[in-house]
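Multiple structures are listed underneath, in structure tokens.
Each of the next two complexes has chain A plus one more chain, namely chain B in the first and chain C in the second.
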Partner chain A sequence: MAGATRTRPTATRPGAAPNDGRRRLLSERTPRAFYWMVAPAVVLFAVFHTLPAIRGLLYSFTDSPGYGPWEFVGLSNYVALLSDDRVRAAYLFTFQFALVATVLVNVIALGVAVLLNSRIRAKNALRGLFFVPNILAVLVIGYVFNYLFANSLPAIASALGVERLSTSILADESLAWVGVVVLAVWQAAAFNIIIYLAGLQTVPEEIYEAAAIDGARPWRRFWSITFPLIAGFFTINMVLSLKNFLQVFDHIIAITNGGPGTSTESISVLIYRGGFQGGEYGYQTANAVVFLVVIVLFSVVQLRVLQRREVSL
Partner chain B sequence: MRSPTMRRATGVVAGAAALALLSACGSAGSESRTTITLFQFKPEAVDFFTQAAADFEAENPDVRVVVDNVPDAETLLRTRLVKDDVPDVMTLNGNGTFGELASAEVFRDWSGDPLLKEVNPAYVDVVQELGEGAPGEVNGIPFAANASGVLYNPEIFAEQGLEVPRTWEEFVATAQTLEKAGVTPVYGTLADAWTVQAALAPLVPQTQPEDFFEQRFAGTTTFEQGWPEALEKLATLYDYTQPNAGSRGYDDGTQAFARGEAAMLVIGTYAIPQVRTFEPDFEIGSFALPATDDPAATTVVSGVDVLLATGRDGEHPEESRRLVEFLLEPERVAAYAEAQVAIPALEGQVAQDPALAGLQPLIDAGRVDGFFDHQFIPAIPLGPQLQSYLLGGTDMETTLAQLDEDWDAVAARRTWGLGAVES
Partner chain C sequence: MSAADATAQTAAARTTGTSTPGDDTGPDLPGRPLSRRRSHRSTSGASWRLTALAVVLSLTVLVPLYFTVVTALKTPDQLGGTGFALPTEVRWQNFADAWTLTNFPRAALNSALVTVGAVALTLLTNSMVAYAIARNMHRRLFKGLFYYFVAALFVPFPIIMLPVVKQTAALGLDNRAGLVLLYVVYGLAFNIFIFTAYIRSIPEELEEAAITDGAGTWTVFWRIIFPLLAPMNATVGILTCLWAWNDFLLPLVMISDPALATLPLVQYVFQGQFSTNYPVAFASYLMAMAPLLVVYVFAQRWVISGVTRGAVK
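Coming up: the complex of A and B.
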């Protein structure tokens, strides 16, 4: 990416625009200014992102525990990944979680955004209120939710006589993921609502008036007008949510710490635990490289599919 | 065991870093004194060792001591080793990392040194079991120890007319009596998986076959053969916890115990200061968890929390030894143990803290075992697997089979040393 930005201004070949003084002036002078503007970002990006990433790639071919001496072990880390049950379980959990959370977040956020965009009282105050979860740190609300799940929910459930929920769902291997989903959706919906609100405001009022004259009911107006016209925003929200949920980390640290057992261990949590606490830095770096490729693939496919349905006025 | 230390560590890191900077600045002066470095790992003990170094300098005008208090000591020490820059004197935690470095011949051998005669031989054994540069070597001198067992509420025990149990059978009977009286026998904190490992620590050495880990590393035994009794007793122990144990963590546990909501906590002595933060005058008793029906077979699990080591080929062996000798003076070790609620490692010294009194007789008798987790491969999620087992997610056979499978898988994909036993 950085390379492309840099080379584009000089791409004009000398023979392409002969004897055009003004043009040559532009191609010689302006790029230099651009260089200087871009340079700090390029340097920072390279030093703090690209170089560490390349170093990480290098470590994935070693047996390094993260410090001290190491040796190249070729592709054996990648081969070992294929037969690791813990890795497979983490991928399975992460994808299930990301899928459920992405769908829920977008359904809820779109619904709330449509309501917040209609003619209601205290609209601005409500919009502010719905944004609050986004500005709170996940770790902080994680501990609050942890308390709710561990104490309040069981108390309510046993008062109502619901046996299944009378113990904490976080201590139940088959239900703990629900706790993580609830926390993640509650927190992530706020940001998606804002994006959808912005999208809804780009839809001109006249179209609705015309549709109303033609006798379209609200449900029909939503599916035939609103939704197609904000499809671009839908694409962005879907891609960003899925990517964020695939990388889920702090939600899990705050609420279940991967447990009970390893039932809510996401790939990021596994990489962190195995790599830093378990002393298998090289091995988990290989896992991280694979995971990066998977996320990129998913995002590209998702963008392709969703962009096909976008329309413009 | 790792979590409370880490939590405390973060608070002290800033202070430690500042001190390290200051001492680094101070060392720049050129003088005739010999300068040696004291590499200090324990964030809670920064003040103690800084003061001790100053006292040492006052008594030994020819030596200057630079105290290097570091956060994340193990990583830093490893990077220094790569550069062949071994500190003169080190305080280190007696864990698997120490064992690995000792086996790599990083530290000098103290065997035969008169200093070692003053130390409780049981702790010398623990250090040797972690790892040694060559057979028979002792590469670190134990300074202070901690232990894992049962912390109990003497008031509740007195109310119910209970004695400290001496066998596993008596322990179960005690728990049953408490349960019948409507008292929670043991406060379970399953939400923090590492606390389960702390409860397993006393059960494993008393029930597993001798040399289990050596054989497991060699592949001649399995967890399925060596650990069923320990896991079974662990499950029994957790049968006597409060109903919501699955959602309670370490902090909840120490707090509930301080409020008198449960009669016992199965945890290490490092929890005592935390219990006292909630209830400063709370009386705490302790005993070693008996895992067999022979009272004479009960051992206390104790680890060397702080040991002293010096570089194998240090530039100033004489001055380094003088500092080690100074630190090991009985009143200094005693003062440290009192301040940190630790068990002094010197022969004949006893822990002054009343909360440790119940463990002291076993320590004096040398009936001490090390923490098994120092020999366990850290890449295997033992805590979470035990958590799942106790919450009913997996049965015992599956748990044991899983441990064996994970062990073999990690051993197969790891090309470097698996701790003291193999290398």
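Coming up: the complex of A and C.
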């Protein structure tokens, strides 16, 4: 990140070298104020973020039920995770959900953003409208979707004679996850549309005009010009979407509550339930440590793969 | 993810030219010259077909909202069928019932206090920390702090969830003040990232001139830098507001006293009582969504441009 910031053309850029010297002088005269500015934040962050993370790591080596006495059990929590069917099911469900939702959200958001960036009327009103889902609490609008899936959709399906959907999809073990995906995509697309619109606005109009003169069709123009130029935005949206969807929680609670059975139980829901209600505090913190490693791995791999596609002007 | 942000940021900076805070006079900044040019053309050649397509797509946003409203106005015996029909007889009493059942004023006040507290403190503190870091990035300590905070973006909440709940309870922070504190502290990771990028685009000459005139570091920050951060403060404020108001997981795990429950948490707590009476439940959902929706209707352009700025930075 520091490298990227440095390459940015800033106002101080031309005089960077002499400026650096002056800056050093300047801050050497009043370094104490800068330390006081960061000190409280560092202490609070350490106490409420780093310390809990370290304690979580320590508890992952214990058999603590979340209260009372506990003992160190070495790596046995981690070993047990490997053969736990419920854990494996939660990971499989979460991966499946996150991958499908990430792809759908980005394809849909990019499509809508291109549409909103084209020559349409009432552009600002439509733009504002498409952002509305992001204003709403996932949990609250999730309950509305729950009712739609459980009651309205079967009524519509049976009126149309679609047998498969005439019962609630949320009661069907193999279909319930679709409901979670629909809610997640509906809600997350709003934010990604705005990010893609911001990206599309950085593409100069002249390039399109030049391409149009060369006879490039809209589809070709999009894939050869627009998409490579906004690939940076595509990368950030893909990485952030996947990271957020891997941690899915509110959606599950509102739509399926993990059911039917435990078929839509995500990793976060499992950690919450096992850790707070199931007396598996130590065990689920071990699960959370594994989860951390998974998220970092996914993000790094994704960044590597996606950044290779990026092009700059 | 930090690298991805930076990529998006450089991609944007390269094509729009760096926007120093000075020329950030109005909304829509990143694409203003473009959109002006475009809208000039669009008045003559706006495509009605594309506009119609966008309007049809926007129904996906509007239909669930319409559904929420009509259901909230019905009597329980009007429910059956698809549920999309208009109410034959409007029952305003649903709102009064939901109001008293969930103690709406109390929950709304809790949400408002937490949100206002989180936004105000986040703006005042996070910008200050970012300033100290941005102006001392050449010092190893501050550079290290930058990575320390930003690395937290990768840490999923579940890993710290269990320990942090014990810790806040032990410190007597399982209340609204504790929520505010955690939003402010956890927001640091992302906010430092975008504030720092913005502060580094502010020419240091301004501060040097003030220091020559005898101003101290604190004065420089509050009198010169903080006002210049207004556009970024808007972005961070909007994102923090949406997060604190709509968040469910943190209140769920931290708040045990029902009198302190926030709006999303209340919807969850009352699920049991709601299931017998959907119109009252929907009235409650609608009231939980309404405050932010109303604000959004009036501040829509400002919100969108704020979020856009966050993406481009």
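In this text, the second predicted complex is superposed on the first by the 280 of 313 C-alpha atoms of A that agree within 3 Å, B and C clash if a C-alpha of one lies under 4 Å from a C-alpha of the other, contacts with A are read in each partner's own complex, and residues count from 1 in each chain.
One rule holds for everything that comes next: contacts are C-beta pairs under 8 Å (C-beta built on N, C-alpha and C of every residue); 3 or more make two chains touch, one makes a residue touch a chain.
Just so we're clear, the structure is a prediction, and the values are computed from it rather than from any experiment.
When both complexes are overlaid on chain A, the residue A:Pro133 reaches chain C alone and has no touch with chain B. When the shared chain is aligned, chain B comes close enough to touch A:Gly261, but chain C does not.
Contacts of A:Ala171 after superposition: chain B is touched, whereas chain C is not reached.
In the superposed model, C is the one of chain B and chain C that contacts more residues of chain A.
Of the two partner chains placed around the shared chain by superposition, chain B is the only one that A:Phe149 touches, whereas chain C remains out of contact. When the shared chain is aligned, no partner comes close enough to touch A:Gly179: not chain B, not chain C.
Common to the chain B and chain C interfaces on chain A are residues 66, 151.
On chain B, the positions that touch chain A within their shared complex are 2, 75, 78-79, 81-82, 190-193, 243-244, 246-248, 378-381, 384-385, 387-389, 391, 393-394, 405-406, 409-410, 412-416.
Residues 63, 65-71, 73, 76-77, 80, 83-86, 149-151, 154, 167-168, 170-173, 257-263, 265, 273-274, 277-280, 283 of chain A touch chain B in their complex. By the touch criterion given at the top, residues 1-5, 7-12, 19-20, 22-24, 26-27, 29-30, 33-35, 37-38, 40-42, 44-45, 47-49, 51-53, 55-56, 59, 66, 112, 115-116, 118-124, 126-141, 143-145, 147-148, 151-152, 155-156, 159, 186, 190-191, 194-195, 197-199, 201-205, 229-233, 235-236, 239-240, 243, 246-247, 249-250, 253, 267-268, 271-272, 275-276, 281, 284-285, 288-289, 291-292, 295-296, 299, 303, 306-307, 310, 312-313 of chain A touch chain C in their complex.
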